[in-house]
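The following pair of complexes shares a single chain, subunit A, combined with subunit B in the former and subunit C in the latter.
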Partner chain A sequence: MTAAAPATAGEKTAALVASVEDLRVHFELKAGVLHAVDGVSFDIADGETLGLVGETGCGKSVTARSFLRLIPTPPGRYAGGRIRFWPKEARQSGGEPVDLLQVPTSDMLDIRGNRIAMIFQDPGKALNPALPIREQVAEVFYQHRTEDLLEAWNGRAPRPIRRAASQRAGKLERLAFKFPPLRSQSKRLKRRVDELVGDALAETQIHNPRKIMASYPHELSGGMKQRVMIAQALACNPDLLIADEPTTALDVTIQARILELIRELQHAHQTSVLYISHDLSLVRRICDRIAVMYAGRIAEIGTTQQVFHDPRHPYTQGLLAAVPSFAHRRGELAAIEGTVPELIDPDPSCRFHTRCAFATDICGRVDPVLDGRVAGRPVACHGYASPEELGVAAAELPHLDRSPA
Partner chain B sequence: MTTLRDDTVATPAKVGNEPVITLRGVEKYFPVREGVFQQVVGHVRAVDNVSFEIPRGQTVGLVGESGCGKTTLGRCIAGLTDATGGGIYFRLSVADRQFLDQVDAIPQEQRTQEQRDRVERLERAHRIDRLKGDAWRTYRRNCQFVFQDAFSSLNPRQLVKDIVGRPLKVYKEASGPGLTERVVGLLESVGLGRQHLYRYPHEFSGGQRQRISIARALALDPEFIVLDEPTSALDVSVQSQILNLLHELQQERGLTYLFITHDLGVVRLMSDDIVVMYLGEVMEHATSEELFASPRHPYTDALLAANPDLLSDGDEDTEMRGLEGTLPDPARPPRGCRFHTRCPVATPRCGWEVDDAVAWLLDNATVLDGLSGVERATDFDSVLRFGDEAAAGEAASLLESSDVPASMRTAMVELGTDGAQLRIRFEEVDAVRLEDVGGGHTTSCILHTSQSAGS
Partner chain C sequence: MQIREYVIRRLLILPLILIGTSLIVFTLGRVGGNPIAIYLEHEMTPEEVAQLEDRYGLNDSLPEQYVAWLGGVLRGDLGFSGVSAAPVMDVLPRRLAATLELSIAAAIVAISMGIGLGTFAGARRDRLPDHLTRVFAISGAATPIFWFAIVMLIIFWVYLGWFPVGRSDATIFASIPHPTGVYTIDAVLAGSWTAFRDAIWHLVLPAVTLGYGATAIITRMMRSSLAEELNEDYVDAARAKGLPERLVLRRHARRNALIPTVTVIGLGFGFLLQGSVVVEIIFIWPGLGRWMADAVLRGDQATIMAYVLFTSILFLIVNLIVDILYAYLDRRVVLGG
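Moving on to the complex of A and B:
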């Protein structure tokens, strides 16, 4: 669907942008330890769009936020695993990746919004209601693109201007900007910021960016606010864009436009995207590959084609059948009975076994591993495991080819 | 016959496809107040002139984007808020409805005494905002509501037993052990059980809470339930459970549903009839199959295009399309067809007006910064006064440029500058109305009806 050739799952190609390995994020609650993310692994290849799909509470947002270390600790705790990230330079020169869970905070500040950017679900909450749009988008430039802002000075900008361009000007300096000789220079800086912000907004097909820049978030519609968020996220040309349900809060007709926009900009910027959503029909339209999550774990990973036309995990099969579609008749919608299990101090087991029609005894005792050897691509289900390794008879494993019990 | 029916609101008539609810030109305007004295300066037209019927035992789906007035209409029907105009009738027979329509067409002073009396009797017996006493109680118990957010609609300090048993208590249907047994029966009918009686709402998952809501709605064995986005807060796998449950209950109990949702996939599955609303008005009304097979309104087309999986069997090639622009201000809805400002196939006859030109200028240029006043003769004919001639000239040339939608440009019959003034006049058009295009399929789009006169 998109130009980038999707890397086959599991195969470590040279051009990875990020690789999550056995990520575990736990929350310490009064009732016990909540295993929100419990051993998640996937790769994001350069230029691809990876969809992370799952229901409410399956840990998809926690996974996404872990990329930027946005989980409040405590109560959260990064209990294990690593997220390796290859910035552009590292990818080109074959350099070492950084572990996003280990890098010092100062480096993290340089990564957030610059190398990895995020679009949040509710643009109404993610924008500051007390600041005009201009200031909010400009902040990205102040933080990460000081050199760009000072281009016109050829490296000979006076200190106060230099400080202003990285949002560090003090009160006195700001006062000094009102009088010559700094006045004209500060105006020049402001014009440069306006120019960059205007360009960033114009890129998201906002008509009349000048007007939008002066307005406050409450004056804009939901779709417009989401465009501003996208402009903000893409302003620094990030290597990885994390879109956390960017269209959930929007109407369907607007949703289609935003999706189109993200896709277009992704092509233009050659950015990799981690697209998080609960909406299968959306994910299929925008993603090259899809990782299905359930209760803190990955159920299966495959290309969009594979997941939609040949779902391997019983959960994915149930989920696809549950979407009201062309083929369904009233009252005959396939439903996955039961509810998502509690994730507080869970026992080793397949998280889906309580709702799975194929489940056998072993599913309630042993953690399945995300294994691609039998299924041809990573699927975490005992139905695709080898009996020898588990040390059980083949008959004890669930048989997915028979009709559900 | 009708005279006999006057006091018979409580007839549990099982007459074929007689409507349970009849809407006739329902309006709900919310006043917009401003200033120190809170004077009414305008009205938000949340629901504007909506008419349709909900036949017994069927499901009518009400679809539209957020802000189109579908929830407000649902609340009006359930009697949670009063409509400000038109009438919502309960168990009004088709013959009576036709009679009311006939009388409506006659001017007030030309109606005979007999006609007036009959109208008065019908209204007193069927119009829900005029029902009194027992008739009103009968209506309330026969019309129940399931809310979107199952958490905030259940009292967090009450046990499930009290929540579900409350309607039975209020209507003195049961008490003591009998009440408990009735509640258990209700819980079992929605897939819960006795073990859930003494729990609080927070102990349940979203899907279970919605089941409790449904059990409460079923308590008094109603005829009709308004389902206001009952599954939009739920996950897909749970949504399918609830949808199946609703269908089963309808089969068992012969329930009538008004299914309010923004999800076309769900509405297609659940509804016999679908009403598409936009900005307070009905755009199109047809049976479910008919609407999906041959939509006759560009807005319906747009909704379908935003979710192409519904039409094909999930072919990845089908392009997903959206709509330009944003929902207009419902306090000043567009003239003509309300959808024309965002319509991809708008014609010059769709109701282009001065406000559209102004909105376009606001979006695309900065000349309006120099605007000093507007003289509005009608919505279609205004004079914009600018600070200087240059600005007026620039605005005029912008409006003449090919960036302006062609249909808007064609509709502009006069565009001229006089000094610093710019006169814009559009062709005047009438409001669109719903028209039958065959087989009970009604649409308001002039491209599909005979209203395109003069084009």
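Moving on to the complex of A and C:
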């Protein structure tokens, strides 16, 4: 089922698209500092699909939004770490990555929607209700493909047209577009945009792009809206597509088709995907590797095979043990005994220790590190830590029964 | 398309609403006072009074009187204005033009300031500019207009002398023809810069004063709805496309924030019409409101009824415009009867 994994954990052979290192995103709330993301690290290799799974509120969306710096600050704060990103040119020429948390805003605008694109959970909310589809998809081209739009002018486009092609035209200019001599040129620009928008929509198997272009979001079905979002996201051939639960809000029958579509287009565009979900069965179907997240941290990372057949972290083990139950609503992570810990001003500890059957004293006192040395792949559990480094006796560490139950 | 049909339908219903309005206006006139009060004098004998009543048809049945009145209205005869000592229709156009000029100027102030300030504050939620704007907006909604008008008058006319009262400088006003009765437009038509400047100069103080309350309402609505829209997913989606904040705000968030604001603008116009009575009195503005106030004091029924009828029509028209705008902005609205 799984495609050949480009990179197995531990050996970073394939080129990376992105590398998150010790990312910390905090929210300063009245009650204290909420550690929504508190030391998250993972890599995304070129062309792979990395799944990020975890219960609701564990910080998946915050992690995803941090790639594009979409966290509202305040109350949010990028409290630490970095997200390195290698655009195509950098990957091919072995160039330097950029740190997405540090790049100047103008560079960030150029990355958003162009090098890194995002699909949101609820397509019904992610499209502007007041604008027709055409305008919304067109924005991507105006923003990132100005040269492309002006191709027909051979570099001799008049200034107002050039400004229009990058969405800089003022009110007066837009008025002038209604009259000769600019009228025909502005129409030509519009036609070119229509063409590109139509092609982008057609690529997501929308059969009547022209009709959809003239529609408003409320006139479309959820699946159709998500196709539009996908078309918009892939319009510029991004290096990385972040899909934040793209099918959760959709009908079960449509979910499968959207999933299939994302996979196909990912292959066609050679885009890496960060696929966020709390639906394990779904992630299993499309991801090469999986990062399991719990309460703002990564619990473990492995290939889909490894995570499903040889889960190392007690949290993952608990999740999988509960997975095939019909008692739970479809797509929801199964409940494990206990409650998710308070993330406001937390003390150093394994976040899972309150619910963990193996927890010992040390789990409530010391942060586990995401370490690949003992377990063979990154797992954040004291059960895999070395007693010497922690400065404790081996007996004080949790003793996990490692054979799959 | 859809919107055009809707407008046509609304326009067709308009006469029905107007008839309803006229019924109410007529009934109020009969309940609220004696139609010939203004012509009565202490020395009159009962016979003379009866003669007057007979002359104005007050002995007919009420439906007959209504039909007679309505017939007059349709022929353009609204009776005789006692306070102006002239037929109502001779005075009304000028008065209406003056009031329209003032209210539209005030509406322009209120809408542009309200939307501008509201956008400014909403995009800076919970920061200093937002708090300042909120103080401004709350005090605007809480300040009684008669008091505010007098304060403005004292500051800008009495002390600073920056702005005049009244509508115009008499000699300049007389120097141009007045085909529309709207001073600013007439000045433009006459190509007279002096007259135009005079018109604007006189307009500023009453328009700002009159617009203050509505500005406050619009600002508050715009601020809160923009702040709310900025939390929506589509705003983040727009940012995720790489749009600069300027476009995210203008093309995406503000457009949707305008939807609830537009309804408030309709309400605000009602506010303006109410306020115009006070402002016209204090700033000596020769409009409908001032005329009406005189008429009320002297029991001049014909003038009062003309005022009520025409302000109702104005209000209906404004509401129609607001509904159309609303439908244009919010595509999800299903237009219907």
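Simple rule for what comes next: the second predicted complex is superposed on the first by the 381 of 405 C-alpha atoms of A that agree within 3 Å, B and C clash if a C-alpha of one lies under 4 Å from a C-alpha of the other, contacts with A are read in each partner's own complex, and residues count from 1 in each chain.
The criterion applied here is as follows: contacts are C-beta pairs under 8 Å (C-beta built on N, C-alpha and C of every residue); 3 or more make two chains touch, one makes a residue touch a chain.
Since the structure is predicted, the reported quantities are computational estimates derived from the model, not experimental observations.
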{"item": "First, second, both or neither for A:S281, with subunit B first and subunit C second", "value": "first"}
{"item": "Partner chain(s) touched by A:T73 [first = subunit B, second = subunit C, both, neither]", "value": "neither"}
{"item": "Which superposed partner A:T56 touches (first subunit B, second subunit C, both, neither)", "value": "first"}
{"item": "Which superposed partner A:M224 touches (first subunit B, second subunit C, both, neither)", "value": "first"}
{"item": "Touching partner for A:Q92 - first (subunit B), second (subunit C), both, neither", "value": "neither"}
{"item": "Partner chain in contact with A:S184 - subunit B first, subunit C second, else both or neither", "value": "neither"}
{"item": "Subunit B versus subunit C, judged by how many residues of subunit A each one touches", "value": "B"}
{"item": "Partner chain(s) touched by A:N114 [first = subunit B, second = subunit C, both, neither]", "value": "second"}
{"item": "Those residues of subunit A which subunit B touches in one complex and subunit C touches in the other", "value": "none"}
{"item": "Residue numbers on subunit C that touch subunit A, as the complex places them", "value": "232-234, 236-244, 247, 251-252, 255-256, 259, 329-332"}
{"item": "Parts of subunit A lying in touch with subunit C, wherever the complex brings them together", "value": "65, 68, 70, 109-114, 117-118, 120-122, 125-131, 139-140, 143-144, 167, 216, 218, 229, 232"}
{"item": "Interface residues, subunit A side, partner subunit B - complex", "value": "1, 55-56, 207-208, 210-211, 221, 223-224, 251-260, 278, 280-281, 284-285, 304, 308, 318-319, 322-337, 339-340"}
{"item": "Contact set on subunit B toward subunit A in their complex", "value": "65-66, 205-208, 235-241, 243-244, 247-248, 251, 262-266, 268-270, 302-303, 305-307, 309-314, 316, 320-324, 326-327, 362-366"}
